[in-house]
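Just below sit the structures, each encoded as structure tokens.
Okay, so subunit A shows up in both of these, paired with subunit B first and subunit C after.
For the complex of A and B:
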């Protein structure tokens, strides 16, 4: 039965609603949410293996066959992302157990994490453009709440901007949907792709695609990232890790989906534009990452660099580059979550946010220091870790198509990533220790174990590329051949 | 009719832009609400004609049906914008309580070095 397809979205929704009624039982809330993520991960693994044998799966809601009804479509790309989301969220939840505190946990924290995940998974799985909008909104509404939980001044003033910018970008999304519906008269992604291919993507459609590009650029932080560093610095550490790992990635997913499935006929316009934007993002993010001394800002700018890097793969658009983008997307979800968790832990144990006010942490917390070292190498793309394969493949794609400027920008940005993190490492972990034995905040197991799990994740992903290669290959193959997706959805085998 | 509605949507966008660019937080939120109304009108007009055909029910009318999809889209979108506005209003109120101001220029970001 294909009904299992809707589970990654519906289970978190149900769990979230149930948890509202279980407000006093925090222990129960914790483990229910954790269990939901584990179950989701299991479902994703099951789906992923079924897709390899049976091809792309779909579920028509209410039996309305496409293109008339709304449907969920699971291809390797979306299910890989669902799987990564579930694992990363489960680990972030483990961190949240011992870090967010009773006051926040009592304010429906776990319900909203569940709703957030429902929105994220829904966005990955949906096969309908308007449904994508709805899932985006579910995710954003949950994120509006999560970002303000705690109610500190900085949180509130940053979240006002975050909400307004997202409301405006959602409006642009609606406008784009209205234009597209007015032009081609359908909203089913496969049907849209077919109709756009029939009309040969007229200039009008290309303009509409640019409107979509604007929306997803705002959501993903592609050049329009001015809201991101502020918004990602204020929430509780576990929430910031979830945001850093998931929210921009949903924008990236939507962008890759739209520009490989729908608007792939005029790459000289759209993909060139994406390339330029990605290049500028890499430059801006790199400058930001080395400009600040506040660790939260540095980490947030690292998110922006990764966005630019992944979209370089989309701009190049060859099989190898897209594979690279997918690998890097998975890698980045894991490692960015880890980076945010580490930064948050450093802030908690020192009580400082500036790197020049921290020193000698490696003597007090050796494991934290070594995990940070692993993250640094992984983000820079040093071989045994997971960042390597994505960088190699995107680089390979760039050389194949002769996009040397993008290649140079992408790899120079890696240097900046390395430098910005090395700066944190040298300033905060080396040098004289400033924390005396008496004031030392004991490292909780609940902080260090999630970090260890995630760093284990980056090592496993790096060494186990062989194991996931067939899935990524299939995902990139579907992206490169939109006809596969269309045939699967519209029943034309 | 379509032209009229399109112009109306344009006017709403103008008003909304003016409100969003103002300094008071409550005006910004009202602006976003009006913005969403403009989008709804646009969806309705883009849906291929207002006031043509009859209700989209099988066996009723004389063969020309109004496209029901844009209305379904708008309905969903209205609910969403309602929810977002509610959240934004609560947020604005909390911000006012906490910071004692609803002027956006006094809510500037974190202090940089």
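For the complex of A and C:
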């Protein structure tokens, strides 16, 4: 019995509900949430190893066999993302302990973080299109609460935009699901894949796939990212880090899943379009990243560049490129969380948000400065760190298929990432310090330790690529061969 | 402002019980015919909202001294708990089971685990609807 498959989603749900009753006990709430993430990470490791020996796992809810019931499916790709999510969330929670403050913690903060993670993990694990929609909604509802907690004016004005955009895109998502159900008459992903392959992806289905692309582009911030920089710069630092690390990644996951499992027959239409969108995202993100002086905006535009970069891998669609996308996805979850935490810490210690108003931070906070240096190298893709392998593999895929324009855009965007972060580094860390000894805000252990853990993560991931290579290889292999997924779900092996 | 609404108060004292009876009927009929936890919960919540409108919030809260947020959370716990229960019987998550019992007075009755799940759903609906109505009314 594979009941363990549902645990990454159901443990956070139960914990989130129980924490509502434990409202006065904030210390207990903190450690329960932290423990949940650690347990989830353990479960993900266990599942990952089982998948290598037993193949793709599935759990039919209530014993209803596919394609009639709904189900959870765990392949290497989804479980790798569950594992990364759990680890990154655990570390962001550590940061939240000493940064969000009692007033927000008391407003069911940890319950909603748990619900958010339940939605994220559910989206990764589900094997049913409508269930994917439901899990998206769980995640989004929790994120609506988290973005407004605190109730500052900027938060409310940004959250109105964020909620409206997401409600509209969810509505389009539902319409797309209805179209697809009306056309092929099933919602089970494996069954859908089989039926679409039988009918050979007619023009009608291709149009439906473009509707899906629109939805996920809005959620992931692929070209339609206009809402993202504002929404990600207003919530508490720990929440912004969670959003930056996880939310767009769920959109990216859904896009990769849909366009490798369902709509892979007409790459000249769909994948070309993804390529164009990814290219435009890279250009727009790069311009945004160097255009602003507000550190939160710069960081948010870096998220957008990464979205474009990962989807270049999907647009190219070879084994190497998809492997690169998966590596880069893992890398980006860790490093974006770190980048948001660093930016938040810099704002707290200086009281400024503009980089030209900060100066000489490395004299006051040397460890912060060096961690920022590491994250800069890692994002630029310098070898010992984790960004390198993803960039190399996506580059290799691009050369194999001769997509030189995407190749050029992807690597030029890396230069822009490096430049935008170097600008922060030169402006804020170098130069004369502006903080006098008396006014210096002491660096809390609760701030710097999570940053150290995450920068340790990028180094370990960079040096330990060999260790996770078999899992990523298997994940990319499943994405390249949809038949493996179909056989595992529909039991015809 | 004090409005004299004797008629409204007298009528709603009776009507609330009719609505609650309908809510329970809808809730129980849900397994095989139209109805169920969601709709039963909504009707039940509408009875409570009627009370809140006819009497003021303080009076009703004195009569029903519960935190509706906790009710919603308890309902969610109940619903997820029944789903979780299947894990201890080593059957797939969310599996339901049912059996027929000879109860006194009711005769042969079908008892199912789905009813517990539906009760959870009903409590969530009641809790959430009342919480929403109360927070909106506080703002005005």
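To be clear about the criterion, the second predicted complex is superposed on the first by the 493 of 493 C-alpha atoms of A that agree within 3 Å, B and C clash if a C-alpha of one lies under 4 Å from a C-alpha of the other, contacts with A are read in each partner's own complex, and residues count from 1 in each chain.
Note that a residue touches a chain if its C-beta (ideal position, glycine included) is under 8 Å from a C-beta of that chain, and two chains touch if they have at least 3 such contacts.
Computed from a predicted model, the values in this text were never measured in an experiment.
Trainee: Subunit A residues in contact: does subunit B have more, or subunit C?
Mentor: After superposing on chain A, more of subunit A is contacted by B.
Trainee: Return first, second, both or neither, reflecting whether A:360 touches subunit B, subunit C, both chains, or no partner chain.
Mentor: A:360: touches no partner chain.
Trainee: With both complexes superposed on chain A, which partner does A:284 reach: first (subunit B), second (subunit C), both or neither?
Mentor: Touch status of A:284: no partner.
Trainee: Applying the document's definition of touch, where does A:21 land relative to subunit B and subunit C: first, second, both, or neither?
Mentor: It touches subunit C, and subunit B stays clear.
Trainee: Given the touch rule stated above, what does A:13 touch, subunit B (first), subunit C (second), both, or neither?
Mentor: The second partner, subunit C, only.
Trainee: For A:456, is the partner it touches subunit B (first), subunit C (second), both, or none of the two (neither)?
Mentor: After superposing on A, A:456 lies clear of both subunit B and subunit C.
Trainee: With both complexes superposed on chain A, which partner does A:156 reach: first (subunit B), second (subunit C), both or neither?
Mentor: first
Trainee: Give one of first, second, both or neither to describe whether A:230 is in contact with subunit B, with subunit C, with both, or with none.
Mentor: Touch status of A:230: first partner only.
Trainee: Show which residues of subunit B lie in contact with subunit A when the two form their complex.
Mentor: Subunit B reaches subunit A through residues 20, 25, 28, 32, 35-36, 39, 42-43, 45-48, 69-70, 73, 76-77, 80, 83-84, 87-88, 91-92, 94-95, 98-99, 104, 107-110, 112-113.
Trainee: Under the stated contact criterion, what part of subunit A meets subunit C in this complex?
Mentor: It comes out as residues 1-3, 6, 10, 13-14, 17-18, 20-21, 59-63.
Trainee: Which residues of subunit A touch subunit B in the complex?
Mentor: Residues in contact with subunit B: 130, 133-134, 137, 140-141, 144-145, 148, 151-154, 156-161, 163-164, 167-168, 170-171, 174-175, 177-179, 181-182, 185, 187, 230, 233, 292-294, 354.
Trainee: Spell out the residues on subunit C that touch subunit A in their complex, using ranges where they run on.
Mentor: Residues 69-70, 73, 76-77, 80-81, 83-84, 86-87, 90-96.
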